[in-house]
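Next come two complexes built around chain A: one with chain B, the other with chain C.
Let's turn to the complex of A and B:
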């Protein structure tokens, strides 16, 4: 297993379609890294360049310290998993799992040792002599995972391997894959468009959009400190709410207000101190997550951190409910406890919990909070 | 206003396979009623029976007390949204949505201007008003789906049948559409029947719902009733994500105390609980159901009810899902993402027995205590 380094990598199709633009990634040995983004963001092109299935237009790819650009795909010693595991139905689970080793002429004792080791981790011991055709969907899925992991090559590359599964099986396989990767410590690169999948499984996530790296960080970093509007809006479900407004630094706090004063709050607390001073008086975008607000009673309507919202729809839930509302004509969505009921076409007062908020430059979309140390 | 529609002992077979069996339900006037079930449960078959696209092998369908089995689909005149969209590929979005208003049966009902206005209003509500001149092949799955919804909603009819109308939309749009559909339904007062595999949709939109599984109705009730007071294990497992945790256990007496004993755990319970369990069952095999939101990681080992080792922790932003292996069983619970849980680490868990449901092992029926 090895570390993988992408340095100044470009993928240009034809003369002008820039699928991947100047990508830098430093993936550690044994790390689980996801390439996350919407379709067309360049995540699959990146994976295919690492695998050698696509030529690298510009830049260098390294496994440890070895430059790989000109190495044939077959000589890169990688395991790849695509959407379809393509198991052999009339072979036993054992023979399916052993297949990548058998074709490479590993000796029998080594094969047996590895099959038993991995079957044990995936709880497949009792199925080893069963024909795949008579296994259930979940069992087939685990056999496919076992086959992917058994190689122990330089790295494991996966492109949306579970996105076609039904929800229940997907949730189960997600956990199994992440667990096995931690136990086997195989460097893994995982392509997905599903932010929950990336958060749940990865050590670090590279968020891509239009071929460019938006942010590369741990799930916590991406969720708590998104570096730009794209990451802020892409990570988290339901997504973050954004209110374009003006920022003013005052002696007793940080004020955010819209032109029509439909939104006008003042935040104290430490996080305000992180706002870059040069944005005083400028146009910004204020962001807060759906669960980072509290509905307060009308009696408390005048607090500094309280704003008015016109309820458009109340969506009941089992454990908590959602409110779709407008703050000065901007759609926002927020969570409320299950026992709270609000009504359509009424006004509610919401307290924006001041220790969790985000501010972005309106033009560049970049966060203007100076990066917090992990405290 | 809408209509009352009910099914009496409705059964449909495809050759030997029973698609739905002995369905009995009654949807009230103006109600939004949902069928919740996994793929293959019989949801689409049920809607097709109501619409007249399929004929039942047994049973009856009544509208306002009168059988409609003799009526052809066009005579029943219900509006339907198909899961597969079923758009006309050679027509634009505008023509697709307008189509029901142009049919020979209603050709003179609306003027061209009226139709144009109705189409625009419907498209606006669904956020597809910019797409009116496009053809279906130029649309994403979510956009096609909204065109399909628009084509049904533009009609002024007494019953709307919606088969997974918002399955293919992204998160924000899904919340928006749930709101729009519910709003519109309440405003028009038209009886509406929804089929979906997504319990969130049911809780968000439906007045009442039927849990459909293997062609049979398990329970009918308000969404919160189904969540809080499931009558059986199938209903309990149909609502909630991650699904409810289920533990097999037996009652055993040890040192004059009653214990719930299962794989990897033994929980002492009070006399009252053990008495009502014994009174309600012929044997001593039960299933304990506890929802992931009701289990907590317990630091004080002495107060814990369960102990096991961390199988995997999945952070998901504000919260994460912790999976713990207890005996041979994987138990899921929701936790804050601030804590790190290493694979293999020992953890202690607690929950309140009051927050759990006990079922008969054999029948799957809930025991009311």
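Let's turn to the complex of A and C:
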């Protein structure tokens, strides 16, 4: 087991397609790190470069302090779980699970013992002598996971291992994976496009977009203080609402307003968030999460943090309902408690709970909020 | 009428239609078989003779070295040439197909270029190849004929196998590389077992092609490397065509392909539909 360090890693296909750009990652020993991003963001390329299945165009890859760029995949001592299972169809489940050991010429008794152990852990005992082609999707992936966990290598790589499974199975396998990872205390890199999955399983998440690292941090950090618009929009379900507006600094806090005054709120600045002086009077993007608003009655419409929204769709739900509305012609979505009924084509007043707002520079998309206690 | 009886009746109709189809398709073969066992005077009669006393004189003639016809030499030539041309083709085409499928060897259009060799009518090659063969003393040698058949079998085999290999997810190979397999091991131990039935199907087709090939065998061999098909042409003589002998030779020549076809039937069906049903 070892730590994994990516230093200035580039992946360029052909001469122009830059799949991964100048990536820096420092993954600690035993850590569960997710690479999260939309398709084509470079997460799978990154994983394959770590695995040695793809060449690193530029930069260095270290396991602990050993440079691994030129080491063959078989000599890197890693295990991998693949998206489409990658089980050998001409072998039984047993032979598939035992494959990493058979190749390394372990003796038969040892192999048998370990296969029995891991298949017991993953509830595969009854399937061992079955050809994998006749197994179902969930079973196949459990076999794939067993194959990866049978041998404790330097690290475990997983490339969207559960994205092909149906919802229920995905939830179960997710738990199983996290449990096994903790049990084996193995450094794990997990590629996914599903933010909920990443948030649920990871110690830290690296968010990628267009081949560039957007932010690398714990799930809480990504959720509570996203560094840019992309991370803010990608993490959280449903995604954060953004309202382009102008920022003005006031003695007692922050004011955000749009040209036509359809949106104009004043937030108290003393609640732990600071905005750099230089953004005073500049165009910014104001962001708030769908659950960080409250619908207020018309009588209270004049509060500083209250704004008007024109409802155009209402989705009733079991725990809470979703309201789709327009604030100054910008679509926003927010939650309301299940017992509140909002009507379409009506105007509602919403209170933006002021402690959890986000502000981004409109040009660069970078977050311009600094936390008072951190700097 | 009960449902079952109706079903039974329908099955009978299907059976009769199929039987008629089989008779029509196989009519030439049936005709050849009858010709081979007809007495000579019936063969050339202007009205077909359906009832006659079967007679195996033509077969006997084949084996008795009548005229120039050396059945055992021709048969063994056909067998050696076809088997070698098939096995060598598979041996060369498989790694080539793997390399084209996985490493895009020589560019994206190379495999099409390889196949395009098969699109040119073979007779166009005859003159340059005769000259080449004369130059390298390959005329009338088995090796020469094998080489010629390889130039037809390899592109075909390569093209078909390539598309089967492309159907196998690459992650399968990646999984094997992760555990330390070499490229050669991945090809032989992971990919080959998965394309076995395709390989068998392609091999059968190559064998049948080599066995049936007539043009090159006729032109490039005189005595030593004459195959059964080219040998049968000897019965087209200056005095007339000896239909009975040709038919007998043809019937015997068909037997090995039928055997190969029967053995390989399940591979043919599975191999050639593998991509379709997945």
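Just so we're on the same page, the second predicted complex is superposed on the first by the 310 of 375 C-alpha atoms of A that agree within 3 Å, B and C clash if a C-alpha of one lies under 4 Å from a C-alpha of the other, contacts with A are read in each partner's own complex, and residues count from 1 in each chain.
Simple rule for what comes next: a residue touches a chain if its C-beta (ideal position, glycine included) is under 8 Å from a C-beta of that chain, and two chains touch if they have at least 3 such contacts.
Keep in mind that this is a model prediction, so the values were computed, not measured.
Trainee: Which one hits more chain A residues, chain B or chain C?
Mentor: Higher number of touched chain A residues: B.
Trainee: If we overlay the two complexes on their shared chain A, which of chain B and chain C does A:219 touch? Say first, second, both or neither.
Mentor: First partner only, chain B.
Trainee: On the A-aligned overlay, A:236 touches which partner chain: chain B = first, chain C = second, or both, or neither?
Mentor: first
Trainee: Looking at the overlay, does A:200 come into contact with chain B only (first), chain C only (second), both, or neither?
Mentor: A:200 contacts chain B only, not chain C.
Trainee: Examine A:311 and indicate which partner it touches, taking first as chain B and second as chain C; both and neither are also allowed.
Mentor: It touches nothing on chain B or chain C.
Trainee: Show which residues of chain A both chain B and chain C reach, each in its own complex.
Mentor: none
Trainee: If you look only at chain A, which of its residues touch chain C in the complex?
Mentor: Residue list for chain A touching chain C: 48, 51-53, 72-75, 78-80, 82-90, 99-100, 103-104, 147.
Trainee: Which residues of chain A touch chain B once you look at their complex with the stated criterion?
Mentor: Counting only chain A, the residues touching chain B are 166-168, 171, 174-176, 178-179, 182-183, 196, 199-201, 219-220, 223, 235-239, 289, 291, 312-313, 315-319, 322, 324, 331, 333, 344.
Trainee: Can you list the chain C residues touching chain A in their complex?
Mentor: Contacts found on chain C: 169, 171-172, 174-182, 190, 193-194.
Trainee: Once bound in the complex, which stretches of chain B touch chain A?
Mentor: The contact residues of chain B facing chain A are 38-39, 171-172, 175-176, 178-180, 182-183, 197, 199-200, 203-204, 223-224, 227, 239-240, 242-243, 293, 311-312, 314-318, 320-321, 323, 337, 343.
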